[in-house]
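Please find the structures below.
One chain, chain A, links the two complexes that follow: it is found with chain B in the first and with chain C in the second.
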Partner chain A sequence: MAQHLTERDVRGIAEYARIGLDEAEVAQMTADLNAIIDSLKPITEYDLAGVEPTFHPIGGLSNVMREDAEEPGFAQEVALANAPAAQDGCFLVPSILGEGGDR
Partner chain B sequence: MRVLEEVLRDWEAVIGLEIHAELTTLETKMFCGCKLEFGAPPNTHTCPVCLGLPGALPVPNKAAIESIVLAGLATNCDIERRSMFYRKNYMYPDMAKNFQTTQGPVAFCMRGHLDLAVDGPAARERVDAAALSEGEALGNIVRTAEGYTAHVGITRIHMEEDAGKMVHVGGGEGRIAGATHSLVDYNRAGTPLIELVTEPDLRTPEEARLFMQKLRQIYLAIGISDCSMEEGSLRCDGNVSLRRRGEAEFGVKTELKNMNSFKNLHDGLAYEICRQAEVLEEGGRVLQETRHWDPSAKRTIVMRTKETADDYRLFPEPDLAPYNLSEEFVERVRAKLPELPDARAARFERDFGLSPYDARHLVESAEVAAFFEACMDEAAAEAGALAKPVANLLINDVTAHLNAHAGEALADLPLTPARAVELVRLVSEDAISSKQGKEVFAAVLAEDEDPAVIVEARGMRQVSDAGAIEAVVDAVLAANPDKVAQYQGGKTGLIGFFVGQCMKEMRGQGNPKVINELLAKRLG
Partner chain C sequence: MAAAERAFPAMGVREIRAGLAAREFSAREIAEASLARIRALDGATHAYLETTERLALDQAERIDAAVAAGELSACGPLAGVPVAFKDNMNLAGTHTTCSSAMLANYVSPYTATCVARTIEAGGIPLGKLNMDEFAFGSSTETSAFGPSRNPWDLERVPGGSSGGSAAAVAAGLATVALGSDTGGSIRQPGSFCGTVAVKPTYGVVSRYGVVAFGSSLDQVGPFARSVEDAALACNAIAGRDALDCTSQDVRTDFTANLAEGVRGMRIGVVPAFMEAQGLTSEVKAKVEEAANHLSALGAKLVEVDLPNAQAAMSAYYVLGPCEAFSNLARFDSVRYGYRDPGHKDLGGQYEASRAAGFGPEARRRIMLGSYLLSAGVYDTYYYPAQQVRTLITQDYARAYEQVDCILAPVSPRTAFRFGEVSDPTDMYLSDMFTISINIAGNGGMSMPVGLGADTNLPVGVQLISPQFKDENMLRAAAALETVYGPAPVAPGFAPDAVEPLGRPASLPDAADAVAGVDLPGLAGADGKAGE
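Now for the complex of A and B:
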């Protein structure tokens, strides 16, 4: 099995995904992910000379748009129905240090 | 810390802006038909798409794509026919689907620019402009009679979506520090958002402020957003670094957040420039970090240090088809472009003989500009003669009143175009003095009455009739033979005394210009 990802890579991915892994899990996850990447190896053996790269999975479609018209959504209680916890009409989540995307 | 203008003599600041605008004038969100509404009860405008429920499929809002193309055309951008959406992956509860849909290397709008006219005190921050002679260019600026113009590049404007709103509880005052839980409202999640990124072409906080102001005027003119900095529908982040004057290499930059008013944008950047200069002059180095402007403490504080680049693992959004906009689509949007503020100002100069300064300030507010045009219609044949005094009334008195009374709109004031024209006509015909004009302006607002009626009721009419004034002048001179002798003996400062006596005699209604002329003639 080739070493596509190191344990360091896996720790980095786990941090981004905010998943806590212990040492044993890091080792197991690294082995699993490398095995998954290995399983894709046959694809690399095809002769792709002259084949156009695929930039998008639905490249056959374009300009799919809808009109700016309101459609019915969820009532508040429906939106919150599956939430493990709610308060004041809001989803209640554990506080997470850090911040959202760069908006 | 040294003051800005002093710092800028030794250092050149390099500033770039990232400006986000929510497309608040649309009815629905970016990728679903949920209603856009500021201030609605939490989580009352959501659906499977904006809650990121499994299997939900997004469909872009056509009006949002038209809006961003309109924004691009209004800011001299090239419209890219082919572009697509990407997923920007990050794990944070403000976005339920764990990624923000945004654009990749190619955005709908690329390579635009705005030209800024910088004059008055605002031009002083640009210390290298002062040495230029009129018409001379330096980098992206050209010296003008009143200051300079700056050509500011726009890298791109891309389409994306806003995140939900979070309130942190358990800590103090909604801050994350010490918080145990957060409340999440997804009403805002999925709001169409356009992000404009400038080239690092700005050199002073004033230029940054003017750029933001100009962009806001344009967005308001094309009607794509309410541009409320208070409610966060127009937001600005700044990147700033310093380099020694004459150096070409960029210094290390910091990113500045929370500049949610024009004043905060200017003051936040000014502080950060001075802070970086102090660090560098003491032999330290500027760290690449994100800082938060605290307007009450008047300083920036570190939010986070960026040791490694963020990895958002951007990849094409497989659920959204790519774009190949037709010529027809772009031309249909172009046909919707209204007259932009720059063009309107040029027309005011051309049609009414206004100075570039007056014209530019009139178009700063579309409401004021429209009022001015209504006044010119009202003035009809006199438009040319009354344009300048009407412009002065609007730029000075009306703007000062509106600034002092936040929340009042020009349309709510008792001042109508007809009354404004009547008022400036009374002054220009010498019926009342310009000082009385100010008094009448205040009275129009307070009493909701026509200027002529106020002038009549207060017996304010200025007396300009030479015969009537002559009689008063003669009486005053006859009553003060000693002063006349002193004046004629060389004590010419006594002219003020004579004017004062005449005015007193006429209960303040004499035309000072005529009184002065007649006194000068008599005292010869």
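Now for the complex of A and C:
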């Protein structure tokens, strides 16, 4: 099997995708992803010169807009009902810029 | 038999409507007996994650009031029909977990359009149905609540990702269930469980309120035990919705030509599909048998070529994960979903929450999508996959110059045993005949054609329609139904079962749903679900 990704690559992808993996998971993920990427090979072997891409199955669909009119939305308490933590009508998160501790 | 003992979810739409019209039973009796049947039997199948008793009884009351006023006809085409929904569909006041630990404590503040339309059409909502986590899988084995079991053989998977929907209909625990299909997730479980299973053309049904997986591929559709019931469900859910910009103004009556027969229809067969590696002889024999029946009924069989269809699999495993990576970025442990406790910085909280909230297959697909969309790699896989999509779409367009619909296998094999397919790339082969239909955005359905000669398990054949000509495949399916009959309830769950397989389930009900509190049944640290 071709080595498309090293464990170092996988750590980088995990960081970008915001998924924390431990060492054993990194090793397993590296093996799994290399096998899957291998199976994608046919895509790289097609002669696609001059073929336009299709990004969406319904041709001619673009900028579908509704009228810009006021409509009812969620009340604040409904929007916050599923939040793991909320305070003063806002979503509550830990410090964004590094280890800030509680404030 | 007393009405309370009747197996209403094992009945069809016509039978229920006739009984209501004749006041043989009430909608309240349907709701109560249906929920009682689920609680008595679903311990064996684990199709349901949560029941919706209050909603069922409220709906029944509306229908009974209409019947009392002599206005049953105003109740909609699914009046009194027991219905249930895949758990990636929001229904206000119920958990919508996507069978993931990430959303185990999520309670919907709103209702998906397809769900709302099913209820507006008179359906009695019984509950929410198990699935592969975020629809990533072909067996329901990736559900964080434990797998569903195939009602035909409890040692086997029901297929997936809409496995709970297929199992519920096959076990007679719902008359109609909705599922979603990104690469085969309606059709493959329909084939494994022996139900009619329809993935309409992309754009026929609004996805508003259905948790997104691959937004250029996802489509909602029904499971039922007869073609007519599936077509009635399509009528209820199809059409333009301002809340999904891909939904189209479809006003087709999907039942209109079911009785026409196939005389004069041109039906395509794809020789390369029939010779595909991995296609089992019993499935191949059933597809050939169905072709012969269609021919005998007056259809003209035409060989068509889809030269680029074999590239659909790799195109799908590029496009699907890329779109999933993008769609699953929203699970940020801030607005809803699982939050790993005790973190002092947001980045660490993201990583720990997403690592713990997503199961292994979800993590794989997110990671793969992240890689495939990265600079330099994009041009190697993602862009070519979209070009391949053009070739596949053109293949189908050429084929449909010659035929009105195409007949093909659904799955290369019948239902497999739990754990039998463990390698991710082997599991992906389950969808080898269904994926190209999503890539091109066509309609596709699984039509049950009896049991395979070797495994004695249900086999479905796939009928594939041109875009927005879904009535073509339904017409051919209805013709096959005149030969094979409507799909039966699995023998162990039939109301008159000789060897009943069902056993009681302890199911949570949406009456107890509280945002932030996990739906009971989440698999513990030992990996075993509490059934």
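What we mean here is this: the second predicted complex is superposed on the first by the 80 of 103 C-alpha atoms of A that agree within 3 Å, B and C clash if a C-alpha of one lies under 4 Å from a C-alpha of the other, contacts with A are read in each partner's own complex, and residues count from 1 in each chain.
Note that in this section contacts are C-beta pairs under 8 Å (C-beta built on N, C-alpha and C of every residue); 3 or more make two chains touch, one makes a residue touch a chain.
All figures in this text were calculated on a predicted structure; none of them were measured in a lab.
Trainee: Identify which of chain B and chain C touches the larger number of residues of chain A.
Mentor: For chain A, the partner with the higher number of touched residues is C.
Trainee: I'd like to know which partner A:36 touches here: chain B for first, chain C for second, both or neither.
Mentor: In the superposed model, A:36 contacts chain C only, not chain B.
Trainee: Using the superposition on chain A described above, determine whether A:48 touches chain B (first), chain C (second), both, or neither.
Mentor: second
Trainee: Tell me which partner A:66 touches in the superposition: chain B (first), chain C (second), both or neither.
Mentor: Both partners, chain B and chain C.
Trainee: According to the stated criteria, A:2 is in contact with first (chain B), second (chain C), both, or neither; which is it?
Mentor: Neither partner.
Trainee: May I ask you to decide whether A:88 touches chain B, chain C, both, or neither, giving the answer as first, second, both or neither?
Mentor: first
Trainee: For A:17, using the defined touch cut-off, is the partner it touches chain B, chain C, both, or neither? Pick first, second, both or neither.
Mentor: Both partners, chain B and chain C.
Trainee: Could you pull out which residues of chain A sit against chain B in one structure and against chain C in the other?
Mentor: 16-18, 55-58, 61, 64, 66, 74, 79, 91, 93-96, 98-102
Trainee: For chain C, which residues are in contact with chain A within the complex?
Mentor: Per the touch definition, chain C meets chain A at residues 105-107, 109-110, 202-203, 216-217, 242, 245-246, 248, 310-311, 313-315, 317-318, 325, 333-339, 343-352, 354-355, 358, 363-364, 366-368, 370-371, 374, 380-381, 383-391, 393, 423-425, 428, 439-441, 467, 515-516.
Trainee: Under the touch definition given earlier, write down the residues of chain B that touch chain A in their complex.
Mentor: 20, 26-28, 32-35, 41-47, 51, 59-65, 84, 88-95, 100, 160, 162-163, 167-171, 176, 179-186, 193, 195, 303-304, 310-313, 316, 318, 320-326, 329
Trainee: Using the touch definition from the top, list the residues of chain A that touch chain B in their complex.
Mentor: 12, 16-18, 55-59, 61-76, 79-80, 87-103
Trainee: Using the touch definition up top, name the residues of chain A that touch chain C in the complex.
Mentor: Against chain C, chain A makes touches at 5, 9-10, 13-21, 29, 32-33, 35-37, 39-44, 46, 48, 51-58, 61, 64, 66, 74, 78-79, 81-85, 91, 93-96, 98-102.
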